[in-house]
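Chain naming follows the written order as A, B, C and D, and within any one chain the residues start at number 1.
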Amino acid sequence: MKGFLHNKKALAGLSIIVFFGLVALLAPLLDPYNPNDFNFMPWLGPSSAHWLGTTGQGQDELSWLLYSARDSMLIALSTAGVISVVQLLFGIFSGYTGGLTDGVLSTVTNVFLVLPGLPLLIVIDAYLPNKGTVTTVFILTITGWAWGARVLRSQAISLRDRPFMEAARMSGERRWRIVLFNVVPNMFGVLAANFFGAAVYAVLTEAGLLFLGVINVNTISWGSMLYWAQAGSAMLENKWLPMLLPGVCILLLGTGFGLLNFAVDEVADPRLRRG
Amino acid sequence: MKKSRLLAVVTSSAALSLGLAAGPALAADRAPAVRHGGILHVVMPWNNIPDNFNPLNPGTNGATAGGTGSALYEPLMYDNVVTGKFTPMLATNYAWTNGGTKLTVGIRQGVRWSDGKPFSARDVAFTFNYLKKYPALDLNGDWKTPLTSVRATNDSTVVFTYSKADSVVLPFIMGQLIVPQHLWAKLTDPTTFTNLHPVGTGPFVLKSWSPTQVAYGKNPNYWMQGRPYVNGLTMTAVKSNQTAQLLMMNGEAAYTYDAITDPVHTYVAAHPAWNKFWWPVTGLNVLYMNTQSGPFSDLTLRKAIAMTINEDVVAQRAYYGAIPSSSGVGQTGVVPGQQAQWVPKSVASMAPTNDPAGALKLLESNGYKLEGGSLAGPNGQALPTFKILVGSGWTDFISIAQTIGQQLQAIGIHSTIDQEPWSTYYGSAQNGQYDLLVCWSNGNNATPYYEYYYLLSSAESAKPGAAVNTNYGRFSNNYIDGLLSSYAATTKFAQQKAAMVAIEKTMLTQVPAIPLTGRPNFFDYSTRYFTGWPSASNPYNAGEAPDAFNGGAEQIYLNVHLK
Amino acid sequence: MRYIIRRVLLLLLTGWAALTINFALPRLMPGSPIQVMAAKYTGRLTPSALAAIAQALGLKNKQNVFVQYWTYLGHTLTGNFGYSLSEYPTKVSTLLAQNLPWTLGLVGFATVVAFVLGTFIGAVAAWRRGSLFDSIVVPTGMMLAAMPSFWISTMAIYFLSYKLGWFPLFGGSSSGSLTSVAGLGSILSHAALPAMVLAVISLGGFMLVMRNTTVSVMSDDYVKFARAKGLRNFTVASRYAARNATLPVVTNFALALGTVVAGTIFVEYVFSYPGIANLLYIAVTSEDYPLMQAIFLVIVLAVLLANFVADMLYVVLDPRIRVGGRA
Amino acid sequence: MVSTLGAPGVPAEAEAGQVPALEVVGLTKTYSVGKVGKPKIVRALTDVDLCVARKEIVGLVGESGSGKSTFARTVALLEQPTSGTVKVEGVAVPSRPGSADLRAHRRRVQMIFQDPYTSLDPLHKIRYAVGRPLESLAGLPRALRRGRMEQVLGQVGLVPPADFLNRYPYQLSGGQRQRVGIARALAAEPTLLLADEPTSMLDVSIRLNIMNLLLDLRESQSLSMLFVTHDLAGASYMSDRMAIMYAGHLVELGPSAEVMGQPRHPYTQLLRQAAPDPASQFGRDTTFEARGDPPDLTDLPPGCPFAARCPHVREDCRTGLPTWRQVAGGHQVRCVLYGT
């Protein structure tokens, strides 16, 4: 942990995440207007009343931009959380348990790895009746868990053969306790790196799905901001701020999670550590 | 389509006889100097252009590959839904006799197919009988009407015989594209036939094809002397609306059919002198409520919602003022172009005004209560949060839903927007699985009849749980059904109008559905190189799309010419 | 040998599972293509026209699902994908043939550029670990990897094509004839911007993976030893470190193909490019089952084969695997 | 108990009617490996009999792959025996032990692992390693645990014990870690200790310390011990008796001085040559000069497993497994060179 905080990439990533986290928490206080308020003239330019102007729908751009941090943080953290749990369970059941379970689960992973994720997302989304955050997290999880699961599986396999697992058995530990207190904590480094990797995936993919108009574009989020900018022909209205800024925010948040992923990797893998 | 329709002698319509007398409505005839030449570039947001020019094939691009129905093949007459006029094409005249059960159509002489073979009434009869043989090709459902036979009595006459009178089939008969008997009689499977070397009577012939572009050249055998003015036509598929728009803005194409977002400030603003659009309203966007069961079966609630929604704001938000709203007299469901003829002053004076406060009073006097910002029903229970169903990706409908949702909060009705992929959206609409639905109306025509028929007729509704065809609100009322029948039962304009007026009043008093905005044809054009376009002042067509298969776009190809 | 047999079996098993999912997914989708079409024509098609279309598309005769599955497997093996619903009556195979070359060209070019440039930059960064160059490369790679492809595409079109007019606005070419010199020039000028965007967004991943694997390899004893022996930096870097680090990068690349397709969907969508990824998006949104299945299949097979080739490459390059198996 | 020839593992005390700490009879362990449909059987242990008397240390010696570790792990029930019986203090271990049986077994039998660097969970403090057996095996009330932890750490020479309780494994040296490993094994007060090459991963200078610690513990805690090693000299220093294992078979068994001084089995002689001076050589890795490789355990020849490498090999060696022969008091060998 100490090494982690001395890592520059970790610090930079953490600062970005904390920044967006604060914006997300304080959005109702920071927002000059309610982002759902459509009562302004559409496509106003930047002014003292609307620092970034208004959308084609007549909403205040700045309020939308700030409030959107909530959606992205929520999606990123909850998707990454669910994906981590799935990957962890997978790692334990496939890697630690081994045997036939492992064979079946490994094949499932391989199938998910070769299926093209984005189209699969769109198809599954079309099948689901309710288009809320839960749905989004669900479909992002379905298509996003397989990559990290492989890593966790091999981590679990290598843990399974470590002597301290046998030492724990000799100490009379029950199986579930070994899993909980010896296996899981030792997977934590990989798990954390995967968590941040999944967060990058979630942020980018959700924004992409919103941009394509596949999931609920009434969400106040950066992806839907881009969707509406595109749909409202912001380009032809010569309004480039509403196209530029949400993208920059997505990019920054993604980079923040990416840096954390990288840093955790570096700290967890001594070969990548400096000096 | 079990409708009882009685004889309707359409020739009694003054408008129609005018159209016939004038011959092809070629407005540019009067222009002093018409320059010939030039290639007209058309752009469309199609994915691909199929290598198939089969005019009878349903396909999915509105029946045919780009230009098949407008450049290569022709109908008997073009039915202009804006003016109600028929423009003779392969037919020159028609008459109903035998109590409205016999339709005699005069066929134009001197027409040749583009391969040089002569065209005659036998080709027409062949085409209709072909549709009977292959029902999959019968897009207009001609053989689902009381039609019993189609015969060519000689080279210039075709006779349609009906088992009983049906006045409303005429637009469909006249709109049918005609194919050459000498080529099509040999086909074994016309439903999957890919017509790679099309032979038609239209003004153009196919020159080249690629998945993204087709080029057409002048048909040397074309029957109309001196037409078309242009030497050729290209149609380009660009996949996205926005790209089509960009090409139009840059003057790289002169004609497209595209619902441009905020056309005045984007497309027109780029070159105000050239970039024009004419969006004639031919239908409606409607807020449907399930009147069969649930809270919206209560008239009070429907009325209050209608009073609360400000259609002008809705139209402004969704279409940036480019399309008229259905406020005021528009609440009758009669589109603006038809109002002068079909809406009398007595109905116009009943036109409601936007009045959320009045809506609340009406609700409260009927047992509803506004408590803590939420509306409670007469039974004391708060109304649930309603879902407004729209199709995903349709930004205009989503904007409409957003605006309505916000406006309804004034009377304590809360809603969320349910955005579904197209098929789910349409399936839910047909199965009544929605609270509130933003959808189009059906039956664009020159009179309000079909609009009302599809919107309100019991025949288009269904029992709970069963799917409806077009009456998504499931409104069912014997009085309305009677009025619709009486319209079809008479040929007298006064009596037809009386039926329509009664329905208009019902629309205002019973609120079976709430008209929101007009639904136009999205015709966009550029006068940079070409002139002679249709417009509000010269509506020789209804602003149809290049892939329309009723000959609408053909009117444009015949009339535009170099500046 | 045992390893190869196991790989082949895995290939077949995964292929079959993907085929089956491919079969099941569209059948799980709600609604029907007719409803999509009705919605698409927003009231301009009469109910009888819809009925006629349904009949022509063969959507009325319902077969037993197992019969359908059997037919599907047979057709897939013989490459008979039937007719596209959204472009009826064009054959799916025709559409594939029309669209596949565009994507192959675009993705091929972009990936090769990204791979070559990315591994080179990554290797140099690893070698000059902790230098200014390295400290720029890592965050830059991170940002490139977090770049939303649809956004960068839109921005590129807005500024480079629309504002500056340097590149065409859309499509694969502007000329009808693609074989002429002008046609070729048109193809290249149209491909330039989307290919650059694709290359830029895939660059980051290659850079970072190459950097990290090289750093790991460099801490291995034999590289340390080679350096200690006084071999020239360049020799060590190219002979020992880079070569051993490239192996995992190559296998990663094979797996990453699936992800590349996702990025390509956005790029082709925004650029209206006539490729297979855009076609897939269209197929999915218009519920064109046969087309969707065929494209899914093409992608799955491509990824599977790439993985298989990478596995075989492993056998050739890493003798340890020939003996035992991998954990 | 029958004659010494019939039951070679039984030491003299057992014959006197005293219940041995460990009594293993006919222990066999096989693994199935390879493809489905065409499995191969690896015979890791074949029909092994061995007894460890109270307070006795028995050295189990063999080269790597000989099955000596498998023997210890099977006795510890980390592996399921394929057949044979294991009795601890006269109580037979159930053939399909439940978790309660396992805990009862581990209460009495504990194991010291080879590698002190990987046998401690790096994420847990020493307190956890030593404390867990107190809770889950000994069932010691919470209040008493700390005292017992300090006591047992003191016994293995980690002083002051309180300091070590809160350290992480990475803060300890290799020798200290192995002491923690021994403390962990001792915590639940077992009667039998299975030491699986406890010194092989340690620096030579520390090996003797650990061995002496184990010898002291035998005295102070009245422990019996199975000392598994590939180091003949180390085994002779530690053990009362030595058992030589080859390819899953015991080939020679006897008092350490006897086996060391007069090795009888050709294999033992081979080992002995590799470690010339027992007094100075224990602690150094011994290597064997052997003709040929150890046999493939999946394809054991029917006769003496050592036949392929044996300089004195005879025809009858290849046909049947030699029986045990008594060569001196308590010294037995399984070789045809010695008369029945």
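The rule we apply is simple: a contact is a pair of C-beta atoms (placed from the backbone, for glycine too) under 8 Å apart; a residue touches a chain by one contact, two chains touch by 3 or more.
Fair warning: this is a prediction, and the values are worked out from it, not measured in the lab.
The interface holding more C-beta pairs in contact, when A-C is weighed against A-D, is A-C.
Rounded to a whole number, the gap between the C-alpha centres of subunit A and subunit C is 22 angstrom. Chain geometry summary: the mean Cα position of subunit A and that of subunit D are 51 Å apart.
For the pair subunit B and subunit C, the distance between mean C-alpha positions equals 41 Å. In this assembly, the C-alpha centroid of subunit A lies 45 Å from the C-alpha centroid of subunit B. Looking at subunit A, one finds that residues 126, 230, 235 touch two or more other chains. Residue positions 29-30, 162, 269, 285, 287 of subunit C each touch two or more of the other chains. In subunit B, the positions touching at least two other chains are 246, 393, 421, 424. Across the assembly, chains come into contact as A-B, A-C, A-D, B-C.
Those residues of subunit A that touch subunit B in the complex are listed here as 36, 38, 42-43, 56-58, 126, 129, 131, 213-214, 216-218, 228, 230-233, 235-237.
Put simply, subunit A touches subunit D in their complex at residues 162-164, 166-174, 181-182, 185-186.
Those residues of subunit A that touch subunit C in the shared complex are 8-9, 12, 107-108, 110-111, 113-120, 122-124, 126-127, 154, 157-158, 200, 203-204, 207-208, 211-212, 226, 230, 235, 240, 243-244, 246-247, 250-251, 253-255, 257-259, 262, 265, 269, 271-272, 274. Interface of subunit D with subunit A (complex): residues 73, 76, 78, 99, 102-103, 106-107, 110-111, 113-115, 118-124, 129, 132-133, 136-137, 181, 184-185, 187-188. On subunit C, the positions that touch subunit A within their shared complex are 10, 13-14, 17-18, 21, 25-26, 28-30, 129-130, 135, 138-139, 142-143, 145-152, 154-155, 157-159, 162, 208, 212, 215-216, 219, 255, 258-259, 261-262, 265-266, 269, 280-281, 284-285, 287, 292, 295-296, 299-300, 303-304, 307, 327.
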